[in-house]
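Following: one structure in structure tokens, then a few remarks.
All chains are identified by letter, namely A, B, C, D, E and F, in their written order; residue positions are counted from 1 within each chain.
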Amino acid sequence: MNTLTLYFRREWQLMFRNTSSLIQPLTFFIIIALLFPFSLPAENALLQRIGGGVIWVSAVLATLLSLESMFHSDYHDGTLEQMLIHPRSLPLAMLGKALAHWTATGLVLSLFSPVLCLTFNIPSDQIWVLFAGLLLGTPSLTLIGAIGAALTVTLRRGGVLIAIIILPLYIPILIFGAGMLTQATQGLDVTSQLYALAAILTLALTLSPFAIAGALRVTIN
Amino acid sequence: MNPFTSIWTFLSTTYHRLGSPREFYRISRYVTPVFGFLFLTLSALGAYFGLFVAPADYQQGDAFRILFVHVPVAWMSLFVYVVMAVAGAIGLIWRMKMAFVVTICSAPIGAAFTALALLTGSIWGKPIWGTYWVWDARLTSELILLFLYFGIMAVYYAFEERKTAEKAAALLSVVGVVIVPIIHYSVEWWSSLHQGVTVFAEGGPKMPPSMLLPLAFMAVGFMFFYGYALFLTMRNRVLINERKSKWVRALAMGESI
Amino acid sequence: MGSCISNGRINMNWAEFFNMGGYAFEVWTSWGLTLLVLLWFVIIPKHRNARIKHEIKRQIARETRLENTAP
Amino acid sequence: MVLINSVFCKTKVNLTLMPSTQAISAKNLSCTRGDKLLFENLNFSIVSGECLHVTGENGSGKTSLLRIIAGINRSETGELVWNNENALVNLSFFAACAYIAHKDGLKNELTAIENLRYYQQLESNNSNSDQNEEALDEALDRLKILQCADLSAQQLSFGQRRRLAFARLLVSNFSLWILDEPFTGIDKNGRALIEELCVEHLEKGGVIILTHHQSLIDSPINAYRKELKLSELDGS
Amino acid sequence: MNTLTLYFRREWQLMFRNTSSLIQPLTFFIIIALLFPFSLPAENALLQRIGGGVIWVSAVLATLLSLESMFHSDYHDGTLEQMLIHPRSLPLAMLGKALAHWTATGLVLSLFSPVLCLTFNIPSDQIWVLFAGLLLGTPSLTLIGAIGAALTVTLRRGGVLIAIIILPLYIPILIFGAGMLTQATQGLDVTSQLYALAAILTLALTLSPFAIAGALRVTIN
Amino acid sequence: MVLINSVFCKTKVNLTLMPSTQAISAKNLSCTRGDKLLFENLNFSIVSGECLHVTGENGSGKTSLLRIIAGINRSETGELVWNNENALVNLSFFAACAYIAHKDGLKNELTAIENLRYYQQLESNNSNSDQNEEALDEALDRLKILQCADLSAQQLSFGQRRRLAFARLLVSNFSLWILDEPFTGIDKNGRALIEELCVEHLEKGGVIILTHHQSLIDSPINAYRKELKLSELDGS
């Protein structure tokens, strides 16, 4: 079987096995987003203004949290060692794994984001902008985040270190993604931001599999 | 024999009988339809009085008729949680198998009641408050209750081994019971858009009898519905849990127990 | 029965009844949703009960066949 | 200091089964862990049908050596030659090489057979799924864990897990088996079984590199055995 | 040695050993809080209004993220089994562990929060309110969160499940903690919220060690 | 079905060293894992100076039994009696009982001696820190890993780790040792050493419950050995 599909399928199989792991990133996304109404003054206008930003930050954090465990069990049970020995292309395998991971996190939460927008009273024309931005941005989040996951896999408390490594790299995506929304609120054009997100995605798709593979080779010994 | 002893003997035999899956399955066969019947009668009466008899509210017009589903359903969402937590505690302390089954099987029913309370509440909110949703204490804490129900179900399904899963879910339901007083008193503790305590208020219900009567019918009827649905689900769970045992096999082959 | 005769709602016909004083959507969706959910919790478990019994039966059949084929 | 005691006895390479003779040799390997030099100038060479038994005390560097051979770690000096080519630049080497260590590479969430199927799919080019499934069942059966096929790996006992890890060797076609203490946690019958499988593999022309603390004199593997003894080096 | 101190000290020793684990929760806290300025329209007044809420949410998320690994390595290396066998009081041991954990997360980030407040232009009288709230609230966050960590320790992807279990229980703390700030902005009294936080803390201190111990007994087998 | 073959030979309890005789007995234990009944109506009884050798095939339930004895899991039926009291309600039992399994309870981040010190502090009431430190060094030395004292546990070889886990028994005063395959990964000298320590413990009036797959006939422990054989039960 093709390396990419093999790893993609295996990852899916593992996720399905852990019954609720498919709905967990989504639930996490929703819960984070809903933390804000509790901690801010209850005013509809305020919530509406910050809604888009909150949703983007929640998406980033939900991705981040789910990334942590991405290589963890592979490392502890020795699967990673076996991958390193194996002649199948490691970068391709990593790409498969990352994409599978994305479908269960980024994709799902992009699809759900419109519902969340409704609770924040975000107008429907902006919902589309947010949706498109998330769909283009979240794969980059996963791909870039996987590099951090690979670098920190051997560490206890890797979860927090991963955030430190990766969040700075997420800032550009966040700026373009959430900035798009601010633009849209003011009725401005958002295509340039969409192009920027697409460019980041292309870069991430081509380079990060190699970076992930390299990171694993460095950390596992 | 003095009445106290006989009541005690009765209670303890019932406890031991219901504590055994097999006895539960046998007894519930007769009890479940009774619950179903009581539910149907009471809620039919409630619906009749609520929809046909009770006069329209002088402020809300006919919109207030949502009350007869919203309030019972909202009460049930809390009641079911309390039952779950109590059953979970019993299971953890006295290692009673059936108590865990009560906890696990109540979760989806409670979640449904909670979701209904949220839905009917927000539908009612549109004409009354002018919006479907506000981030108000009562509403948000009810939303949290929904998440708590989901959390308990997620925990149950996350574990491979049933015994572990049951105990973990029971423990979480016991821990989470703090949310119930928060929801109940939220209207008093925080300034809230939501209606204050109306029915069980000090100095009697602040509600005309024409409203109170159908509400009471509906509320008690829903209580029986909970018993009915719970027993139906529990019977399935018992079959699954005990599928290796002789009596379930005999049952599946059409023998009676 | 053209009208419901009772203490509060005299001379009401069915159309008025369904109109609910302009709150038809709100009242009927609330009641309807509740009814649907209640039905769900009755129908699904009953259906499942039959299925579970059926599966146990099949399992027993499979086991007896294995026993018969095995020496 | 590294000694090679050739206790090597006979080789019966069945050339019809595995046409090309396999050979692996190491020249001048060395390994430092932390401040400690574990071994240096280590050489060995084995061919089809030979089993290299790496011995040495606890902490003498056996596992480190095996990891270097498997390509997980790198030797600071020297090189590893596989069929006359440098192994590290030779993809065919990694395709031929299986490494079974204390960490068993099994997923707790997957059942025994799913774990095995994954490793089969990794290697095999055979797309006939019936045949593949057959092979999985057969491998589990050989290792007497067929009854656990549908248990998740987490639910296996320690010995059953070890057997499952070993079963991986049977579903793919590796010619070099690198086994770090393969008999750990395995009962008597299981051990006999694994020895039998090793002999079969050697007979077919495979190569095995293993570590084991007890003597292998009474074992059927002994006939194919070459010993590589790692001794404690004096501080330096 | 006293059970409490013994476990407390050991946890500290372990945290110090893992070089950066002491600064990680703090860094995470800062980074999350700083994600918001990037994803919201750049207006000082807006940031100032939401600053307190954002800091509270960041504290909750930083605690949550660090909780995940709380029992993880203890489980995988068998230390937990040894604790279960041991006649020393398990609840006390857990209390020691949780408190040590708090000093490295909640305490540190409460102490740092005033600095963060400055970046959001929060007036100095409100800074004290926020600080006191965090100091009273974060120990409860850790203690309650540890229950979730104990329940999910045997699961892969426990990290997200823990969030689902625990975040609902965090909401009351968040409501009181962040609500205090909203009150303070309007010049109202905040003592009742402080009492509420203290009550929650007392409850958590007395009950959650038992719940943690119970959860571990349930999940480890 | 559960058999007890008393291959028990002699008991030399040195009463001067450990005044009260220890005794552990089990009545009617049973264990179900998943759907599978592993054993039921299991009984045994040993006293000071005896070693219970639990044998059985892979997956027969040895580890499960040991975990029940150690109080990590619970038996569905029956009870465990320690010195005439129910062990589960008897704190003195848990204080007397040490369990060494495959998971070794060592922290990767801590050095060998720090790991050991923690376990010492858990048990000991001795506050003389010089004496305590002395005892740590001595324990490491007995197990021949003193040279690794300041290496972090992660850097130990598999065998060294196992030895370190074992060293824990020497720094505290347990009377019941529960050892799940204690010789795993340990070299020949190490094994002799551990056997010697076990014999010493038994001579002092301690009790040992262990599993081990190979025969113990040639081992010095054999003189104290009682065997408990777990056999495969038929389904149901």
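Definition applied: a residue touches a chain if its C-beta (ideal position, glycine included) is under 8 Å from a C-beta of that chain, and two chains touch if they have at least 3 such contacts.
A quick note: this is a predicted structure, and the numbers were derived from the prediction, not measured.
Peer 1: Identify the chains in contact with chain C as well as chain D, in label order.
Peer 2: The common neighbours are B.
Peer 1: State the chain with the largest centre-to-centre distance from chain F, centres being mean CA positions.
Peer 2: Of all chains, C has its centre farthest from that of chain F.
Peer 1: List the centre-to-centre spacing of chain C and chain E in whole Å, with centres computed as mean CA coordinates.
Peer 2: 45
Peer 1: Between chain B and chain C, what is the gap in Å from one C-alpha centre to the other?
Peer 2: From the centre of chain B to the centre of chain C is 17 Å.
Peer 1: Measure off the straight-line distance from the CA centroid of chain A to the CA centroid of chain C, and report it in whole Å.
Peer 2: 40
Peer 1: Measuring centre to centre with CA averages, how many angstrom lie between chain A and chain F?
Peer 2: Inter-chain centre distance comes to 47 Å.
Peer 1: Find every residue in chain F that makes contact with two or more other chains and list them.
Peer 2: 34, 102, 108-109
Peer 1: By residue number and range, which residues of chain B touch two or more other chains?
Peer 2: Within chain B, residues 140, 147, 150, 154, 158, 161 contact more than one other chain.
Peer 1: For chain A, which residues are shared contacts with two or more other chains?
Peer 2: 14, 18, 20, 24, 27, 31, 38, 73, 76, 156
Peer 1: Where on chain C does chain B make contact in their complex?
Peer 2: 4, 6-9, 17, 20-23, 26-27, 29-31, 33-34, 37-38, 40-42, 45-46, 48-49, 52-54, 56-57, 59-60
Peer 1: Can you check the complex and tell me which residues of chain F touch chain E?
Peer 2: Of all residues in chain F, those touching chain E are 67, 70-73, 91-92, 94-95, 97-99, 101-110, 114, 118-119, 121-122.
Peer 1: What part of chain D is in contact with chain B in the complex they form?
Peer 2: For chain D paired with chain B, touching residues are 152, 154-155.
Peer 1: Using the touch definition from the top, list the residues of chain B that touch chain A in their complex.
Peer 2: It comes out as residues 131, 133-136, 140, 143, 147, 150, 154, 157-158.
Peer 1: Note which residues of chain E are touching chain F in the complex, please.
Peer 2: 1, 6, 10, 13-14, 17-18, 73, 76-79, 81-82, 84-88, 220-221
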